[in-house]
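Below, subunit A partners subunit B and then partners subunit C, in two separate complexes.
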Partner chain A sequence: MPDAIALKTADGRASGKSVSGPSGPKPKRVISPRNIMLYGTLFVAAAYYLLPLYVMIVTSLKGMPEIRLGNIFSPPVEITFEPWVKAWATACTGLNCDGLSRGFWNSVRITVPSVIGSIAIASVNGYALANWRFKGSELFFAILVVGAFIPYQVMIYPIVIVLREMGIYGTLTGLIIVHSIFGMPILTLLFRNYFASLPQELFKAARIDGAGFWQIFFKIMLPMSLPIFVVAMILQVTGIWNDFLFGVVFTRPEYYPMTVQLNNIVNSVQGVKEYNVNMAATILTGLVPLVVYFVSGRLFVRGIAAGAVKG
Partner chain B sequence: MNSSVSIRDLSLNFGAISVLKDLNLEINDGEFLVLLGSSGCGKSTLLNCIAGLLDASDGQIFIKGKNVTWEEPKDRGIGMVFQSYALYPQMSVEKNLSFGLQVAKVPQQEIDKRVARAAEILQIQPLLKRKPAELSGGQRQRVAIGRALVRDVDVFLFDEPLSNLDAKLRSELRVEIKRLHQSLNNTMIYVTHDQIEALTLADRIAIMKSGIIQQLADPTTIYNKPRNLFVAGFIGSPSMNFLRGEITKQGDQTFFAANGVNFSLAHYDTPEVLQAGRKVILGVRPEHVKVNENLGAEVHDATVDIEEPMGADNLLWLKHAGHTMSVRINGARRFSPGTALKLGFDMSLASIFDAETELRL
Partner chain C sequence: MTGQAKAGRPNQLLRNLNSKIASIPMILTALVIFLGGTAWTVVYSFTNSKLLPRLSFVGFDQYKRLWAAPRWIVSIENLAVYGVLSLIFSLVIGFVLAALMDQKIRFENTFRTIFLYPFALSFIVTGLVWQWVLNPEFGVQSVVRSLGWSSFTFDPLYTPEIVIYGILIAALWQGTGLVMCLMLAGLRGIDEDIWKAARVDGIPMWKTYLFIVIPMMRPVFITTLVIIASGIVKVYDLVVAQTSGGPGIASEVPAKYVYDYMFQAQNLGQGFAASTMMLITVAIIIIPWAYLEFGGRKRA
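Moving on to the complex of A and B:
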């Protein structure tokens, strides 16, 4: 039994057979310097970001008399949802006293078509640039990407003129077109790189099978591209929903998006500063991107898992 | 013989880089042609040109007598199988097989018939409802072959179809591809860098290097009468033994002389071209060297340097007259390093190349 002998000497003890090396559950040390450092840092970072949110929520649930006491960290003695209702429905900006609701619906009417339009165009752009190389396609792509590095502010005045000449300055259509165009460079880059990362042989196989430009796009490429569409959607929804500059520049007051409406409520100079209403309004405005993150984050992970076919 | 695929003066450039140069190739009806070469030699590029996935810079391609140089891939009457299988991951096997037919608006009844037939030939009926991710590598490649099969094409194109499979599956599928060719009798063009696949499958092999076909011949000719030094060194494992030397004459006898050793060339297949004083390279395959038995008239001395037993064969690395030489013998015959051996060379199977042009004489 040379094996058993070797085992004995290697183990340093006279074990019978088959047991070699350490056994049993892996020992765990909960409190170690490494863990204290790790969790300590994470806790501080989390608190740093969560504290303002906590203050906002707490303040929005207090009445004004309680806020005037000045204890911003103390939880509300008497919880009231009055500020939330007011922020949504009756807060005044200038002559209008219908709160954020008007801005909310404007933002929906701006965001939905802009997101759909920009993603639809950019995905086809990216697909064409990745798979149907044509003469000058690289140059075209380079020029498009340069657009991502030009500050928006530089282009505002020229765009105002262009929209005026087209007769759509101050309309929702104008703003939607502007949002779609400004999403193009980064989205095209995103889609092109994603489609370029898909196996080229799939595209070749589809061509041999006789599928054309649109058939390959809709039947082969799209079903494999859920993850990148979710990423693009997250980018666009948050970007367009949170936009303030274009909203205030390219629209008239009755079409102001939620962010502009929020600004007008918060920065209203008449009367008393209603901190609770301002806090509630701010949270309400930020809610949509938050929901998008939470809902699509899970979809995003599932999309990646479903799309993972090892070649 | 009818020509199935005909390539005339085909050139392809990527920018300033020339990948294919004035390439001419006639492929017969029902022929199994293998394009063989190391990576970057242009063999896959040529296949993509035939498929219509790459546009030629110059020259023409005819399939079944029709000029298809500018036709779309689908109109060329070809089916293609890729190295990475290229199955559509979101579709079931059945959908994968029928996709091309549905695009071509073939009636559903006909689609079902052809899919069933392909599934039967390739024995993938139980897999029809599965997704590609649920298949093994070998099964995926079968489906990929099926996708070419259902299209009822004249020419099959294979782009290194077995390279992603493990060794055992590779040899199994190799046999199946050969059987498929025997039963269908379609023209098949097969790209590979694996010489075993090339030698076993091909009716003819085209060996390529730097976008030029070095030799186009049947496997036996390629193996026994390589046209130049590159082909001789590329085919065969281990590689052919090359000895540099020159031709000498003694009376009416012709010899190859290298490092002070003479080899009689009396049995070389074309002795008349061997002028005295010509600088040449002698090529001898490892299995064409006799060890200790049946030596013939001329006997050489050698010692064993390294022995590599490979089961059926035994590979000896010998020291012979100042150079190293590999010799393949029966696996049962073993020699330990340092053993002195007697060698005999079968010159009727040897090749002699011009040292300058590297062409076979």
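Moving on to the complex of A and C:
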């Protein structure tokens, strides 16, 4: 009301449309100040998170002349897939010029056995901890979980020595063993909590029927725990694929995983910087975990929540 | 638990044998790698090992040299700045995003997918992308300048004083999605009735969050804090990818110091001493938490 008066005096004339107030039920306002604030903030945040991905893709599709002229946010005028081909097949690291493909296959050869190995060990282990406790089992488990917080740097060198003594330092086998070891705390925790949450009656009934340790595991527990295996797989595939430190410490250059090779390609000092090739290589390296992430959706969230929130 | 050892029983070791066999990898890992490896490194940090580990003890010499090294001091300062800021920012941003997501919004899944996807990427990818976005010649700085603001300067990666903030930006991009997810799970765990009661009492929403919901989410906050903090101490790949420690030594971090001295400078003793300092840092974070978590449970 005071507003209307102020308007009137300021303009010197009354706005003729002083209709009586709105009638009927109050419509649900979609565009309320609260919603504008809420969605506005969310969209700005989303833009911040999406921007680097957008820049990566756009840059990788441009030619070098266009990159030097334009700005990094502008879409490519002329789309070229040359950088992708180059990043995959001919980009150089040191003496090798066979691109990221080498690192990709190394990463595959590291990730697949490591994932299978660590899950096999941890699932049996978690099952033993949940259903077949023995004297000291909880203590070892506690050491294992606390050990997960120890910085890797503290344990790296002793492991180097052990692997060297075994004659597998620098090989893929050595790295696979290391990944299996360091995957153990989180996966064991995951499986132990899952198996402990299954109804104990099942386990007891099976024992009364005379089933043993392995029989119960394979015939009863495994068929019931497919979801948790998927969660563990997501956790491990992304974790091992993204690893850098272990790759650089425990393998020789010809076995370097993709992340290490990517860093060597992009941060190499010699030669002209080809930003489009670098970005194509970066996307290629991020592609596997991204695909895992987008395909798995909710399970990924469950995986990290399980990994993060201890039971 | 202790009453099981009765006379006449067959060998104790053979009881539950399969379970013990299945646990051998865990026992070996726990004892040999985690306990043994850690103890080995701590012991050898008191020696003057250079190229090869040797047991010739020199007391605290390595630690004295460590704390006299400018590069180590810079590393520690960087870790402190980076650590405090990334704790504060990731908790605040993560919580605010989670609170916004909890307003029964549309497209919740889409937003969550967007906020969380960087977490699936490795630190190497994160570092390289942000190296490119923050590139002074082509990145944000040049774009803003081309819009007309020609004196605009934002060049963290080549300015020693602020390089650590450039790394912080990348780290927050990668990690806040996870914090948001954890916080959202915590918020969803709050009883609806709390909200109803607060509304009936006419308490404004921000007050409800600040004085009722956040105190109720204490366990979630503590867990998140421990996860972020132990990740901070380990930060390595991100720095290697984004700046390689440069310009000069301006963005060095302890984990990189350890790696460089162990595997490049071939000065193992320094590497061991530095990694022992990292271990102590983590212990300072973990022990109080473990005490609260496990000590508290026993009493309850």
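In this section, the second predicted complex is superposed on the first by the 263 of 311 C-alpha atoms of A that agree within 3 Å, B and C clash if a C-alpha of one lies under 4 Å from a C-alpha of the other, contacts with A are read in each partner's own complex, and residues count from 1 in each chain.
In this text, a residue touches a chain if its C-beta (ideal position, glycine included) is under 8 Å from a C-beta of that chain, and two chains touch if they have at least 3 such contacts.
Just so you know, these numbers come straight off a predicted model, no measurement behind them.
Visitor: Identify whether subunit B and subunit C fit side by side or clash on subunit A in the overlaid structures.
Guide: Once subunit A is superposed (C-alpha atoms), there is room for both subunit B and subunit C without a clash.
Visitor: Go through the superposed model and pick first if A:V85 touches only subunit B, second if only subunit C, both, or neither.
Guide: So A:V85 meets neither subunit B nor subunit C here.
Visitor: On the A-aligned overlay, A:P199 touches which partner chain: subunit B = first, subunit C = second, or both, or neither?
Guide: It touches subunit B, and subunit C stays clear.
Visitor: Now for A:M224: first (subunit B), second (subunit C), both, or neither, which partner does it touch?
Guide: A:M224: touches subunit B, not subunit C.
Visitor: Please name the chain, subunit B or subunit C, that touches the greater number of residues in subunit A.
Guide: Counting residues of subunit A touched by each partner, the higher count goes to C.
Visitor: Quick check on the superposed pair: does A:G210 touch subunit B, subunit C, both, or neither? Answer first, second, both or neither.
Guide: first
Visitor: Is A:M64 touching anything from subunit B or subunit C once the two structures are fitted on A? First, second, both or neither.
Guide: Neither: A:M64 stays clear of subunit B and subunit C.
Visitor: Touching A:I116, do we find subunit B (first), subunit C (second), both, or neither?
Guide: It touches nothing on subunit B or subunit C.
Visitor: Please give the least Cα distance, whole angstrom, that subunit B and subunit C reach in the superposed model.
Guide: 5
Visitor: Could you give the residue numbers on subunit A that contact subunit B in one complex and subunit C in the other?
Guide: 309-310
Visitor: Spell out the residues on subunit A that touch subunit C in their complex, using ranges where they run on.
Guide: 38-39, 41-42, 45-46, 48-53, 55-56, 59, 67-68, 71-73, 121, 124-125, 127-129, 132-135, 137, 140-141, 143-144, 146-147, 149-159, 161-162, 181, 184, 188, 212-214, 238, 241-245, 249, 259-260, 262-263, 266-267, 275, 278-279, 282, 285-286, 289-290, 292-294, 297, 300-301, 304-305, 308-310
Visitor: Over in the complex, which subunit B residues touch subunit A? Could you list them?
Guide: Per the stated touch rule, the residues are 48, 51-53, 72-74, 78-80, 82-90, 99-100, 103-104, 132-133, 147, 151, 164.
Visitor: Give every residue of subunit C touching subunit A within the complex, in rising order.
Guide: 1, 4, 12, 15-16, 18-20, 22-23, 25-27, 29-38, 40-41, 44, 53, 96-97, 100-101, 103, 105, 109, 111-125, 128-133, 135, 138-139, 142-143, 146, 173, 177-178, 181-182, 185, 220, 223-224, 226-227, 230, 233-234, 236-237, 240-241, 244, 255, 258-259, 262-263, 268, 271-272, 274-276, 278-279, 282, 286, 290
Visitor: In the complex formed with subunit B, which residues of subunit A make contact?
Guide: On the subunit A side, the touching residues are 199, 201-202, 204-211, 215, 219-220, 223-224, 307, 309-311.
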